[in-house]
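Before I ask anything, here is the structure I am working with.
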Amino acid sequence: MLAHKQFIVNNMLPDTQNKADSRNISINKVGIKDIKHPLIFVDRNGGEQLSVGTWQMTVGLSADVKGTHMSRFIEILNQTTPKFSTENFHTITQTVLEKLEATSAQIEVRFPIFVKKIAPASKVESLLDYDAILISTIESGVITTTLKVVVAVTSLCPCSKSISEYGAHNQRSHITIQAVAGDTLYFEDLIDLTEKSASCQLYAILKREDEKFVTEYAYDNPAFVEDLVRDIAIELKNHTAIRSYILESENFESIHNHSAYALIEG
Amino acid sequence: MLAHKQFIVNNMLPDTQNKADSRNISINKVGIKDIKHPLIFVDRNGGEQLSVGTWQMTVGLSADVKGTHMSRFIEILNQTTPKFSTENFHTITQTVLEKLEATSAQIEVRFPIFVKKIAPASKVESLLDYDAILISTIESGVITTTLKVVVAVTSLCPCSKSISEYGAHNQRSHITIQAVAGDTLYFEDLIDLTEKSASCQLYAILKREDEKFVTEYAYDNPAFVEDLVRDIAIELKNHTAIRSYILESENFESIHNHSAYALIEG
Amino acid sequence: MLAHKQFIVNNMLPDTQNKADSRNISINKVGIKDIKHPLIFVDRNGGEQLSVGTWQMTVGLSADVKGTHMSRFIEILNQTTPKFSTENFHTITQTVLEKLEATSAQIEVRFPIFVKKIAPASKVESLLDYDAILISTIESGVITTTLKVVVAVTSLCPCSKSISEYGAHNQRSHITIQAVAGDTLYFEDLIDLTEKSASCQLYAILKREDEKFVTEYAYDNPAFVEDLVRDIAIELKNHTAIRSYILESENFESIHNHSAYALIEG
Amino acid sequence: MLAHKQFIVNNMLPDTQNKADSRNISINKVGIKDIKHPLIFVDRNGGEQLSVGTWQMTVGLSADVKGTHMSRFIEILNQTTPKFSTENFHTITQTVLEKLEATSAQIEVRFPIFVKKIAPASKVESLLDYDAILISTIESGVITTTLKVVVAVTSLCPCSKSISEYGAHNQRSHITIQAVAGDTLYFEDLIDLTEKSASCQLYAILKREDEKFVTEYAYDNPAFVEDLVRDIAIELKNHTAIRSYILESENFESIHNHSAYALIEG
């Protein structure tokens, strides 16, 4: 092994990552992925939701630098529990940019958020969960914040309703919206406009009178996967804080073992 | 490094696994997991389904043996493409037992199987997929074959139907049956008895007249998660080739973001 | 539709689940699955970890009762944020038993827990995450608490070390322990005894002097998958608060695209 | 129900999807997702690999058309087992375009492929699996074929090697390449150029002399995540059949519970 490396004293460990690189290839993103860390999310109402996020933190690396400093990303997470809203999340990205001495930085964090729902008839309250992803990038000094959320809803098939003497197949659908914010934008904004366009919204607790309500409501509001994405696209277009979006609906068809799917980019 | 190990010549590599072990602890299962390998599955009709399986192959290890020989498991897979029915799958386990010089052996392989379904009104044919797991163990000379299959079906809620003026919430449900075979047992047996107990079975292709049929059929056959497992449990009890079973139903409720769930062991 | 059901007034909705059942089949578990809800976990040090759990809540159903009351499970979660340690988690199961008027009840909740780790050389602090599952059952009046935890560690192959002139393949391994508690048992107990048996434990932050430490430590402590489960099994046997256990190690081999795997039940 | 819809005769079922739509919003993609169906893949050597794919099949929908015909996609799969190479896969997309009377169409299919590997010292043969995704789009008459493949390899950390007296942490890494083909391009091309750039390639079967070889080979070829993506990017740039690419490396660090990650777009 003496042939393989020189003797090393503990305080003189070579810093391999700081060496120059001769391949002349810049790297768009380099850093850490799939690290779990607690967080405090400040929602639209100012409420603090304590949750656990799965983080991806990266920086751009110019062609002449050999490597980045992986431990610094995690030091940022460990200094104090990250606390952020969709409005100020970019400050963590700015910290990454500075501590990593980079010219571009990207953070993505996925975590569950909860909204208090009130059952339509009984008025019983319960929490409903949504998968939220918050993405912040700084490239050439430009800060971009992107919100991605999966909203589970009921979809009821208009064709099945129209051709059947009674009943209509319905199922859980996942509406996924990825929206680039042009102004302050909340996950709850995306959730609200999605739930009002679906055949029916979901609730964790439904008493019998609520179950009657949602069953009939869905039957009165049938929607194809095409209708779902078109109706929600109109809402997204009209929302002044959304610069651009990718909108998907995946309906886990109750009569098939596959999904109906649609996507609109706008 | 000279202090760490002696000089090794290539054809005298030490066989660390063959050494004795002094901890006096036997190991129930040791081997390989999550290896993908092609297979040929012979179904109930004698048809050959070419598929790819995810395999787990293990042996029991007595307290005095240090380790098993991992590469031998994979050599068995690579000698010739494994071809088996539920009836003769245990021959692969016997091969493992012999080649590994073990007294117990266990194989689990998960793969998709397909059944040709005929649409109820149009009679159009299409393939439907099912997740199948085949488990074979040899312990103290006793061969046991266990079949596990996930059957996706439609469930329609009797409560929703009974309390609503029109409509009824329905959804895709996963019925999972794990059955220890007492005699020749086919995945298709488990699929058949499950599909006739559900609110409706699924199809890949449904023309409009079929969609009318399945919508009305499901509405005419509502079933709680409790009904599903009870009705299927009766079928499983009456099947002469089933020695014991674990039966689960998970209904991906279309009105909630969680599942209704039930389990019966028999 | 008048042919299908009688006229219903809103406060007289039929309670279908309360009807008698004539099939004479009891159900081992029925309830809800995969519901996400916030929780407060009190760890071994008395620290409160705010997290989000994925819950399964079920009761046993006797043969003569048609159905359970799904909404009551979720009402228990929504009354106040569930707060529990491994010691008092069973009180939630007791609440389920009472509110559901059942004779047996089972709760499983999966959530990430964090332990503060101190890097071996630099002494830098960082949080490491572990997947924890807490299971509580009450059957025939007997309360059983089971802890399940996945501990990620480094494993370094003794064979690779012994036959190679330099280096040794190593990888991340998942040690999964499911332990039935006979007395007060903490997740951190299971984590501690696992980490000391591995080739090396993991850390979120490692400075260069720490990376040197863990690299050499792992090289000095090689362990086959067989060694890992045997060494940990000895620790589990000697732990007075553990009544029985299932112990697995899955090594995501760095030289293969499959895992080495071992299991001991004790 | 008579108030809800008119009487329907079976051969006069209304075709809801064929109606006009007044919302004036075109849909980028609409169709089916996550359907499993058998396939025959013709590899670079002309070998036929029988496998099972997970398919997504969609068309673009102009603003004035209400809906697409979901069952036609699946009819295409069920007419005859789809058989294709990367070179002629687009013919299926053309069939979709015609049968669905669409102006744009997209197909994605994910399936495992196998390559026969020869162990470096013993020359033992075994199959290694790779996740392959084949994407074909036709937009405005332009056919585009994109190959995506995940290649699992060994990465060995140069920093760990350089600062440690002995040993070096190494792990399994997933290199994911998504390449738009400018000419005939094979999955095996992408696999070859990736495996020669890694610290070492993987094999299903390694005898002891092979394990010695790969251990030492990896130790002699350390590579940071940055090195992996840069070295592979050079190969991708020089490959004449690749028009553009997205290249990712995720290293499942053996000393951490998170991944090192890098991405280059070119």
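The letters A, B, C and D name the chains in turn, as written, and every chain counts its residues from 1.
By our rule, contacts are C-beta pairs under 8 Å (C-beta built on N, C-alpha and C of every residue); 3 or more make two chains touch, one makes a residue touch a chain.
As the structure is a prediction and not an experimental result, all values here were calculated from the model.
> Measuring between Cα centroids, what's the chain most distant from subunit A?
B
> Is it true that over half of the residue numbers where subunit B touches subunit C are used by both copies, so same, or is it different?
Mostly same residues: over half of the interface numbers shared.
> As a quick test, compute the distance in whole Å between the mean CA positions of subunit B and subunit D.
Centres of subunit B and subunit D (C-alpha means) sit 26 Å apart.
> Taking each chain's centre as its mean C-alpha position, how far apart are subunit B and subunit C in Å?
That gives a centre separation of 23 Å.
> What is the distance, in whole Å, between the centres of subunit C and subunit D, each centre taken as the mean of its C-alpha atoms?
Between these chains, centre-to-centre, one finds 34 Å.
> Which subunit C residues touch at least two other chains?
1, 4, 8, 13, 35-36, 74, 129, 159, 163, 165-166, 204, 206, 208, 212, 256-258
> Specify the contact topology among the chains shown, as one of line, ring, star, complete or other.
It is complete, because no pair of chains fails to touch.
> Could you list, by residue number, the parts of subunit D that touch subunit C in their complex?
Touch residues, subunit D against subunit C: 1, 128-129, 152, 154, 156-157, 159-160, 163-172, 200, 202-204, 206, 208, 211-212, 214-216, 218-219, 252-258.
> Touching residues of subunit A toward subunit C in the complex: what are they?
1, 4, 8, 10-11, 13, 15, 35-38, 49-52, 71, 74-75, 77-78, 111-112, 114, 121, 124-127, 129, 166, 204-209, 212
> Show me the residue ranges of subunit B that touch subunit C in the complex, using the header's touch definition.
Residues 1, 4-5, 8, 13-14, 16-17, 21, 23, 25-36, 56, 58, 61, 66-68, 70, 74, 158-159, 161-163, 165-166, 224-226, 229-231, 233-234, 250, 257-265 of subunit B touch subunit C in their complex.
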